[in-house]
């Protein structure tokens, strides 16, 4: 059980009082004015059952906490708040976005965080909180804010990378020839934008509810902090929507340019076809077998014809060039 | 009448007290503290009329219950709740989604389920409920939840299969040549996504209303369970919307790639046309009948021309290859 | 005046008491507990003025009732309800949808229906109402429901026919060659769907308001009936939206297939051009007039060349066939 | 100053009492129970300053009234209502829509209308009002209604002309060959529809607010009249939306038909190319210089070849015709 | 620190009482009935910390004020209002829109403005305010309005220039040949419209909230001024939406015209190909080596053939011209 328990500590007035074994949780929870901050990582079913009994969590919430792949949400079970957030992590080696989840239980005297999949550890967040005891003494609501804030802030670099990807696609569309790859890149970027949107957009409503909650779990001084998360979620959401709308236009612009470049192919083909067809026709004429064709008898007939057709080709070439077909 | 009556039992404190004949329903309904759970499958009009009299159901609700093809909805007739849900079943042999319907009547001391079309039997759900009497004793509201939950959970595997279909279509679009079949597949997938959406999206509002209902039919402890259904409905809905938005982009990407591949056809054609047209023109020249064409007299004139045109063709070939036309 | 007055009767406790002449209306309206059901068809201005005086209707409502081409709406003028509904009728000979309108005035003791344009007569509805006096005794609100219900139910067969039209268009798109007609059919179907939508969608809001109205005109027992109309309006609306969304996708799919079939034309053309161009080039070669072309002297030179080019063409043919160009 | 003052009169009980000079306005405004109806046309800044002082209007409203190019809106400054409406006028010579604006100030005992740009004069409206004193005695609220109604009713013929334009575009799309002009016409119609929409859609909200206003400026009996304007605004808006949605589909249908007609060009070209290429190839064959080509020696070789190639061309022609390429 | 402090003055009854050093701020803030207007430009972190202490500003607001790149918003921290606005500036040399930000703190007796990036100085606004002491005496709320109004009014010329750009694009689309540049211009204009929209659309909600705020910071007489900003924000927003919808249609129209012009290329090519192919075929015929071809022996055979083919070409030319292919 120990590897799943990442961290387990009791706090009083914003200061860490003790690390303790999870098995002693019952008595710790009974100490007045303390709150317990418990960090779990992909806990087994038994651990969850044990936690459920100790903290008196609802069946349905525990079921959700056990299955990852929940949508971001916030729910009250009696006086216990259950929240789910999607986390995102940019894998720097292959430039892929890796998604994870974090579940929260916030009770009158505890905060439990449960991480699933690819997420950063929250020990840094915890340290930062412990370094500002005057804030942490606002209670488990502030700790909740601190972790949520860390999760939301991870989306900014991701969206910035997606915006750079859009920039690259724009360059490809407007400065290079249309390729299959560009179209596929547009599609993949759309998919990633939708993934980020799906993870972030429920956060707007969640943080909005948290900053208005009339419950004792989140003290009034903590509410502006949730407004800060709300603000960040709206900004990320707006950046994603902006990129999506541009991407849709890019897809259509790409399509227009494919058509224009096809048109250019046709024009070029037509131009060169004309330059070849005209001398072919002339040559065909002097290949006729009429008895009486005076030019054929002329001494300089052959060079004259060659000169004539070459000149004709040159003229045609410049005519086409001027009208932009070549 | 017996084949339409799938199940007919009375419950007390979450435990099944008795199976009974439908004809004895009057006296069973008068036993205090009991609730009756009656399961019907495509009942005849007479059965419905009999049921209506016994349970005092509203004319309009019975009319709806008789005609399948209702939209999912929830309605109160006096103190009796009438609900309609669409059910979906994946036919594993032909990969088609088969739709059905289930209607519910929930009264002060009864739950009636009426199945139409392709639906699974609810005997498994009933067994599961009976195995947790501490939950079932919350009353017919919990039984309603259990059936609705079973119905909603059937949509997850269906949406997953539709997501796999989308994945296959993506592979076809980006890795294979554009075909008519791909376009038709996109259209059919769109149709199926719309069908699922139509069945599931009203569930969001329905479960939302059920989890807030201030009626005695659904006890306060049962409400979080309906929130669970609400949550599942939102998730399915979101998955469908996600797939639809991607599918729309896929349709446009497909279209771009059709254009690109048409452009490639034009380029290839132009390239090969040039390779054939040039030697044809040269041959035409030496087919002219001028008296004085010195080359025609040369001993190696013929092989020289052949060599010349072959070289020309090779050069043209590599020029086109370099510029990506061949 | 008589041809405009389709029906004029007084009801007591859900039973028809008397048919009477419109000129006697004043005294009939003073009889307590009676309600008058008056049916008009495209009334003249004088008739409307007479009606207005007798029933004390508002100027603006009468103005609307005189001009057809109102949008569906519901309005209260004092204690008199004025409603407008669009009616649709499928002309079975030319498969066209014919639109009409019906206006309603509902007062404390009367119901007036005014039909404009292509609408069915409501005498059937009246008969059906009179056959269920226990329902009709709920008053003029129930009679209003009965007529509205008849109007709304007429949209179901129309939408089903439009869905069949969509099915036919799908077959044309995916099973036949793209034609101008298919594109025009898509456009016309879109137009008809929009017409039905425009007629039906205001009904949702109207019936919603009627089922919540806190006025004495519509008794509480009648309200579930308006919920039934609400339900039907939502279903029709949903069917139309579903068809529209599919139609939009069909338009795009059609467009993709036009492009694919154009691509196929190009490929076929290219293939056959190659098959003709190659022997033409070969023939040109042996048409050159070089003095020293040993093949020309060979006895079997000619059949050899014919055999060679025919073989070449066959090979090219199979190469193109294999790569799907022919 | 006189040319800007179109009309200036005092009313008592719905009847015009006196026309007076604007300079006497102060005493007229002090007469009890009277209301003043003042009509201005593009007033100068001094006039506006004079008016502002007399009627005690707010700085910001006067600023707006001076600058045309406001959006339609309704605002309360203390107990004075300020409203802006866009007016439209169909120039019958060049079929262009000319836009103007009218601003309104409504106070406890006055109505001021200020016209800008291309608008009709409101003297007709004033006469109509004066001919129904029983309505006009409802006060300046009714006069406001009368002018607004006249403005809104001017949009109906305009939208009908735009609908006719759409009809003409449909005919061009489906019955004629695709041209650049059709595409430009679609674009221009879209622009005009957007202009009308922009002028009319704020009216819905404005009239909705006016029909609910709990202020003494608009008496309760006048409110149904604003509901009438609300109704007209919704109808115009709906007509515009309908035309816009059809126009979008028309644009896409137009595009499909451009592609189809391009496809037809390709097919026709391919067909005729084949008909010319085949005899050219045959002629090339008999132009070869082989010593031993028995056909060349035949007496009827030449006519036989001509007959053969002509027959071949005829066969090809009918093959292509049957498959719809020619 | 002095270069960051643009302006620092105290006001009493709308009149500037004193300019003072920022270091004396503590005592100035204690003078009753005064309000302090402080203007900063990209302040350093120390300055902000100093300001925070003096004015008792919230940590989170100061953090936001330090980081530019906030979204426009309005937030209350206790009785202090914090607002962020995006500013836009048209660089007249390169026609680019340069974006900046301005942050506001409004407290019981102060207004602080903090400018970031490319923004105009607000000294002009300050002067204008000081020239109307009867307005400025409404307090810091009016000063806030004056600065916001100046910021919003800067968007009008920008949107007008974007509308002119749209006009230029329309001319290019409908009067010139389709080019890659036009497509790129459409894309860039879309991007700029989105940027303006992103900066302006939050202003609607912000000014709406300010004109309803039930706080003492903004006096009731100041509220109509914020309604004026609300009105301007809506107008700018509407202009941008209008331009965006037209631009989308322009993109599609552009695409249609690309297709039409491609079609014209194909037709022209086909026409000229026919004019060249026919004489080539004829020449090929008389190049056949049949022994018995009577025409070859005719004295005027050659000129007859030349005349015949030239006439044929002329006929073909006019046929194609008539049908619009040339």
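Assorted remarks:
When the chains are written out, they are named A, B, C, D and E in that same order, and each has its own residue count from 1.
Rule of thumb we're sticking to: a contact is a pair of C-beta atoms (placed from the backbone, for glycine too) under 8 Å apart; a residue touches a chain by one contact, two chains touch by 3 or more.
Predicted, not measured: the structure shown is a model, and the values here were computed from it.
Between the two copies, chain C and chain E, the C-alpha superposition involves a rotation of 145 degrees in steps of 5. For this pair, chain A with chain E, the centres built from the Cα atoms lie 26 Å apart. Between the Cα centres of chain B and chain E there is a gap of 42 Å.
Counting partner chains per residue, chain D shows two or more touched chains at residues 252, 255, 259, 262, 266, 269, 273, 277, 280, 284, 287-289, 293.
With chain B taken as the origin and chain C fixing the direction of travel, the chains line up round the ring as B, C, D, E, A.
Partner chain E is touched in their complex by these residues of chain D: 58, 60, 70-71, 73, 75, 77, 177-180, 183-184, 186-187, 190-191, 194, 198, 251-252, 254-255, 258-259, 261-262, 265-266, 268-269, 272-273, 276-277, 279-280, 283-284, 286-289, 293, 295-302, 305-306.
The part of chain A that touches chain E in the complex is made up of residues 170, 174, 224-225, 227-228, 231, 234-235, 238, 242, 245-246, 249-250, 252-253, 255-257, 259-260, 262-263, 266-267, 269-270, 273-274, 277-278, 280-281, 284-285, 287-293, 324.
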